[in-house]
Amino acid sequence: VKIAGTGNVFVRRAPPPGSKPGDFVLPEVCHPTRIRALVFDADRCDEHRVESQDDLVSVAKAAGVSWIDVQGLGDGSILRWIRDGLCVHPLAVADVANTPQRPKFEDFGEIDLIVSQQVWVGDDGVELEQVSILTGPGWVISVQESPGEVFDDVRSRIVAGTTVRRMGCDYLVYSLLDAVIDGYFPVIEQVGEVLDGLEEQITDRPGREALPRLHAVRRTLLALHRVLWRQRDAFGTMLRDDRAPFSDPVRVYVRDAYDHALQALDAVETYREMTVSLMDLYLSGVSNRLNEIMKTLTIMATIFIPLTFIVGVYGMNFEVMPELRWRWGYPAVWVVIVVVSVSLLVWFRRRGWLGERRGIEKE
Amino acid sequence: VKIAGTGNVFVRRAPPPGSKPGDFVLPEVCHPTRIRALVFDADRCDEHRVESQDDLVSVAKAAGVSWIDVQGLGDGSILRWIRDGLCVHPLAVADVANTPQRPKFEDFGEIDLIVSQQVWVGDDGVELEQVSILTGPGWVISVQESPGEVFDDVRSRIVAGTTVRRMGCDYLVYSLLDAVIDGYFPVIEQVGEVLDGLEEQITDRPGREALPRLHAVRRTLLALHRVLWRQRDAFGTMLRDDRAPFSDPVRVYVRDAYDHALQALDAVETYREMTVSLMDLYLSGVSNRLNEIMKTLTIMATIFIPLTFIVGVYGMNFEVMPELRWRWGYPAVWVVIVVVSVSLLVWFRRRGWLGERRGIEKE
Amino acid sequence: VKIAGTGNVFVRRAPPPGSKPGDFVLPEVCHPTRIRALVFDADRCDEHRVESQDDLVSVAKAAGVSWIDVQGLGDGSILRWIRDGLCVHPLAVADVANTPQRPKFEDFGEIDLIVSQQVWVGDDGVELEQVSILTGPGWVISVQESPGEVFDDVRSRIVAGTTVRRMGCDYLVYSLLDAVIDGYFPVIEQVGEVLDGLEEQITDRPGREALPRLHAVRRTLLALHRVLWRQRDAFGTMLRDDRAPFSDPVRVYVRDAYDHALQALDAVETYREMTVSLMDLYLSGVSNRLNEIMKTLTIMATIFIPLTFIVGVYGMNFEVMPELRWRWGYPAVWVVIVVVSVSLLVWFRRRGWLGERRGIEKE
Amino acid sequence: VKIAGTGNVFVRRAPPPGSKPGDFVLPEVCHPTRIRALVFDADRCDEHRVESQDDLVSVAKAAGVSWIDVQGLGDGSILRWIRDGLCVHPLAVADVANTPQRPKFEDFGEIDLIVSQQVWVGDDGVELEQVSILTGPGWVISVQESPGEVFDDVRSRIVAGTTVRRMGCDYLVYSLLDAVIDGYFPVIEQVGEVLDGLEEQITDRPGREALPRLHAVRRTLLALHRVLWRQRDAFGTMLRDDRAPFSDPVRVYVRDAYDHALQALDAVETYREMTVSLMDLYLSGVSNRLNEIMKTLTIMATIFIPLTFIVGVYGMNFEVMPELRWRWGYPAVWVVIVVVSVSLLVWFRRRGWLGERRGIEKE
Amino acid sequence: VKIAGTGNVFVRRAPPPGSKPGDFVLPEVCHPTRIRALVFDADRCDEHRVESQDDLVSVAKAAGVSWIDVQGLGDGSILRWIRDGLCVHPLAVADVANTPQRPKFEDFGEIDLIVSQQVWVGDDGVELEQVSILTGPGWVISVQESPGEVFDDVRSRIVAGTTVRRMGCDYLVYSLLDAVIDGYFPVIEQVGEVLDGLEEQITDRPGREALPRLHAVRRTLLALHRVLWRQRDAFGTMLRDDRAPFSDPVRVYVRDAYDHALQALDAVETYREMTVSLMDLYLSGVSNRLNEIMKTLTIMATIFIPLTFIVGVYGMNFEVMPELRWRWGYPAVWVVIVVVSVSLLVWFRRRGWLGERRGIEKE
């Protein structure tokens, strides 16, 4: 699990400083706009085409609940249709286009804007993309920048005629939000698996390549944490705020989605604390290896350096060195060598430095 | 004390993304459902059989307090009986099945859901399991996923006819929650004992195997902390919220249980701070050992390397080396060797590097 | 200053899980109950004997303020007298017995329970013991588990007839609390002295034994912090809560005690931050010593290893080694040796590695 | 990206202690005052000259919205004109002059003061400068200490006759604030790029010069964080406070600017957490390099020190050393040498210490 | 900048535990009391003598604003005069004497107590001293324990007849508080300069003596932070609390002083975070130096240890060593030596270990 460069998460696409409030910019790589409009009530469910501002307005004003699902911003004309045709506040439209915005709920009179972030694991790691939901009297517009499948199940449920058909706009908005939040759990689970793997790796053989992976996981968790934190706040506002577009029976459902966001946040926070603990584990693993290396060196050097000195003594060429002429001089030196090295070994053992290999496991 | 893999604590069993709200999934390993229904009031206490939805409804509607204790979800039919027979909100039933949920209190009109987590020390370490309590007019349903003994004492007290018999549903709910919370203390005490052992081990001989144990304790405490934190919040809501199903005399008891949760939380937080302090202790122990190892090496090397050089000088084979012919050349070299090594030893002692063993204790 | 094992601070004596709410357990080592009852008003002050439940009730109901000071729980009969004779809520009595409870204020109708923790420096370090104060109409009962002198001054002031005689129960309760809080300052002062000593020790000679002492101080501060934090909360509740048993003139005094608790908390928090800073100081002291050790080794080894190589060259036994026959070969080698070692010394001095001892001070 | 010395961010220019409240001091390097006054309404937009207190008052009292843009404080006479001519509270004027003040909103009756900080990347790194906005009935005064272009776009939009012309003073105030906040994003983006570069550098080759750069980034982020935090608070007050000079339609815009400040704050906080993670990465990179260096040394020393001892043995000059006379003595020594070094190499390989170079990449 | 020992900041002078509430103790070194009483209104300003309780009362009751500035507590009689003559609550008087109290505002009916802490740089570092302000109807009493000049400017302004003469007691109280707060900025600026110096020192040559200085700065900042934090709270209370003795026009000024306290707090918090960053910088500087030292050792040892082995081989005395008799044996050994050392040097250069000096700068 990687998270794409800092860029895509924290840098906000915005019109240049000094632009008029309400201006918006389109992404450099623009996906063509694809609009799927459903108008439904308990009895029927029709798909409409939206190819002009007038289409949009007539669909939005149709009887029943109108859901206009926009995928891709194209040349931005859909945004202008929304702004001009449905009298949406320019700032709300700008928030839809100038992504990423933090997850939030904003009330613009009878129209409300809900911003959320969907998440999935892409080729470059965890990716986040803004999902914006505009809701007015009798209509809901959802906007994603690139085509995605996050709302496919909701559509199927509408077509299949489950509960959502009998409820109003607010239940639809809840269903969309719920679909977005539910998408967090598989991602968090994958991060958890990566962490489990890292933990095992660091405990067993704390190699150097664990580090960049741990760092990448921390970045991912950092991004998820921030988004979920804001998401939680947004849900909190929606639950408390009287201006939120939810009736009482639907509010129970929103509370459930809030609960899911909280649960995702809990898991992310726990994982973040685990990365701290893993970092400690890693660092002390490195220190332990250094200790072990130095112990090896010290044992070898401490044993052989004195011995080398001893044999060096009898390598001197003084004319008068009585020991050299002794019959048992040479064996005596060996005795000294053995005694010295055995005493050192005993001393090391007493200090618990010997048995490195086993020591590693048993120590 | 270990805590089973990350999986069981933070990964939530949930229907696949896109499912209908209120859907639930059953655990892979399903314990057969075992239902023990008690209907009691101050005068009598009868055990009933619940083998169908109708049984359930008639028990729940019986005069007095009905307590239906469900252990194991089986094929989930009990959940459907509850949902359909007692008109419990589908989201409440889903929260009972899709475990783990965070401890919480949720009000669904005249029916309330209280989620808690029981804890015990199993074979793989500390284990958590969700306990869900549903309460409606005149009935209380408690659900555990696997058979457990946490409520046995409550049952005995009911049968024995103590206070609980004279009180209403709310006192029963309190008794169940109190039983769950009281289960935390033996576990926390065990964690404390492990920590005490670790502290002793790290202070005496900071070996390497202390680390994974410390890490495991941190994980356990992390999990307990999160659960207790949420538990505290849930109690806080129950005490403050007018919709909580507690009469004033029982509220005093709930405040007592809240107090116990707070106390458990305090202990867990204190232990968490102690693990941080222990980690510091461990790391500086490792550093100290490295210092000691290097000191040994440095002392040995620093003494013998110059000596080896000196004897090397007189091992040279130059034809003209007057010292080699001196009568007292060889003893003179020994004098030099002794002088050099003694001066170095004195220098080391002045710097306080000698007396390593004792130094360790006395330093 | 040590704090006794984790046990006595964080483990709570409680009846086994599953007990009836309101059950209590007595400590294993039970101090015999000693009861000193004073009944006083502005004009008189009499000491009464309390040897039965009836005595207790009659003393409590006597005109004026009745203060029953209980030291030691004995066989628990005093607790039963209180519960049954004075109609105290069983949970309140259980909180008195099942220690330690966090400091708190709890209102049980016309009777209130205030739990606090007194502190002193015992043989094993800082010790905490619960002080419970029950107050009802016209009477105050203070309970300590073991005999202690914390309330002696209050008693003297009552007998001597100072302000406390002219005021009601609430002023007596305040006086008891104030006596408990004032006991924190000498202890905190002692901890501060220990810290000052540790700071000096760590700055001068960062030996290894500073560490367990620092760890012990951290534990002590951790325990004090937790208790004082709760104490502050308890005072906050008493000041804000209308149900707290304090008249307005006495509330000014309680605010003063609250202030003292805050001050003690401030000092403890400051000391805790200082231990963090000391830990950093210690760790970098250890690192600095390692650097110094390694510098010594490196200087010695770097100078003598090349020299040993040089003399080794002329210790070779090749038949054709012209230098060996040169008249000035031997002195030339000495020249080389001197040149090499002097250049290395100059190089080390340039890098600032020489003059270790002085370097330590001057560096 | 550097941030200029601590001085310019945290030290406040203030009159000497003991001055009269409302006194102000001028910066040592005073930019000459340049005043550009615009009076506009939906229909017209005139530029006026302000060269005396009377000019100032007549411009401020002109019909329509008057915007007086002051760049540079000169000899401070403009401040006195504002204070005396427009009856602005002396403390408000002092806050304009005694920079830097924290971003804030303060209400002085019918006149309000809004303090903000603009940011840009100068030659010495990120630079902050106070922007003060005073607003009264029908007039807005913006003050910068040195000439800057932050408001040029707002001026162009006014001249060009966009929305701002049709709205009141409050929309102008919003536009100015919005221009200031929008200036944060390019700076934050640059910091993000520097961080990305640092991350790459630290992952690839954790050299020493990464550290001061990381430290500089931390300082920059610290300064930005503090300013944005206060900015957020100031916006929060403006949105909640009834005395803030914003009508309801403009409040929607202010909420948008608040949102931008929050977004900038989010990015800065995220970057701050990333610097912590990078610091960890750097430190463990340093530790890893030490391990690698020590491994090299240990391998070389451990192999050659015993060998040197062996050849030293046969360099001794004892008269009786039978091995020296053996025909195969010399080859036998070579066999011993090869056996010893191969066994050590095998042992090292088993412990995974060999293949350092590759080991670095693969390990 | 040093801060005097822990003692003077955190240890509170208090009567022994068990004293009567409202008792106070005098400092061991008592400065003789010096009282300067001013009675002024818009028209006049007279200095009075206060040598008895009656003087005090008559001055306090004089028409206009009476300011009694007490420096030094002497034998405490002034405190008794205040308590008895002006009916000040004994607890308020005790707070004046039993220093240090945390900065706070306390309301005792028609008399209020404001406690603050003045700061200056003394011989032993930053010093704090309590300033207590008592204010009742028509009079203000300020008390310092030792003579100080903090209020001299206020006195001059009163004598000179500026605004303060025309305002009431509350403006005088504000002026005194403002004088105290303004005294923080020069101190904080000095701390900032010390930090700048430390930063330069640590970046350039991370010597050991930087550490105790850094530790001292941390302690100073810790003390300042705690005091300013409480000061901020006290101001917050004074601004919000209806019982605070400030009229609306003066409240604007108090808000300004609050703002200054906030600004000082901001600077202190920023400096505290910078010390953390500096600590990191220092520690990694130490690690880098260790790496450098070890690199030097490793290079020298790794080159010369194999060479010493080689020459050792030909120092052996075997009778049959054909190489010794070869004509080109000796030059061949030199060739081997050169080849080995050059290959090792090349290998080191490849790993980037060579060019240490330059490496340090360039690396």
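Each chain carries a letter (A, B, C, D and E) given by its place in the written order, and its residues are counted from 1.
We take it that contacts are C-beta pairs under 8 Å (C-beta built on N, C-alpha and C of every residue); 3 or more make two chains touch, one makes a residue touch a chain.
Small disclaimer: the values here were computed from a predicted structure and weren't measured.
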Self-check item: Separation of chain C from chain B in steps, with touching chains one step apart
Solution: 1
Quiz item: When the centre of a chain is set as the mean of its C-alpha atoms, what distance in Å lies between chain C and chain E?
Solution: 25
Quiz item: So how far apart, in whole Å, are chain B and chain E when each is placed at the average of its C-alpha atoms?
Solution: 40
Quiz prompt | Set of chain D residues in contact with two or more other chains | solution = 283, 287, 290, 294, 297, 301, 305, 308, 312, 315-317, 321
Quiz item: Since the chains close into one ring, what order do they take if you set off from chain D toward chain E?
Solution: D, E, C, B, A
Quiz item: What does chain E use to touch chain D in their complex?
Solution: 152-154, 156-157, 162-163, 174-175, 178-179, 182-183, 185-186, 188-189, 192, 195-196, 203, 252-253, 255-256, 259, 262-263, 266-267, 269-271, 273-274, 277, 280-281, 283-285, 287-288, 290-291, 294-295, 297-298, 301-302, 305-306, 308-309, 312-313, 315-321, 351-353, 360, 363
Self-check item: Complex interface listing, chain B residues touching chain A
Solution: 5-7, 9-12, 14, 17-21, 89, 91, 95, 101-102, 104, 106, 108, 205, 207-209, 211-212, 215, 218-219, 222-223, 226, 230, 279, 282-283, 286-287, 289-290, 293-294, 296-297, 300-301, 304-305, 307-308, 311-312, 314-317, 321, 323-327, 329-330, 333, 357
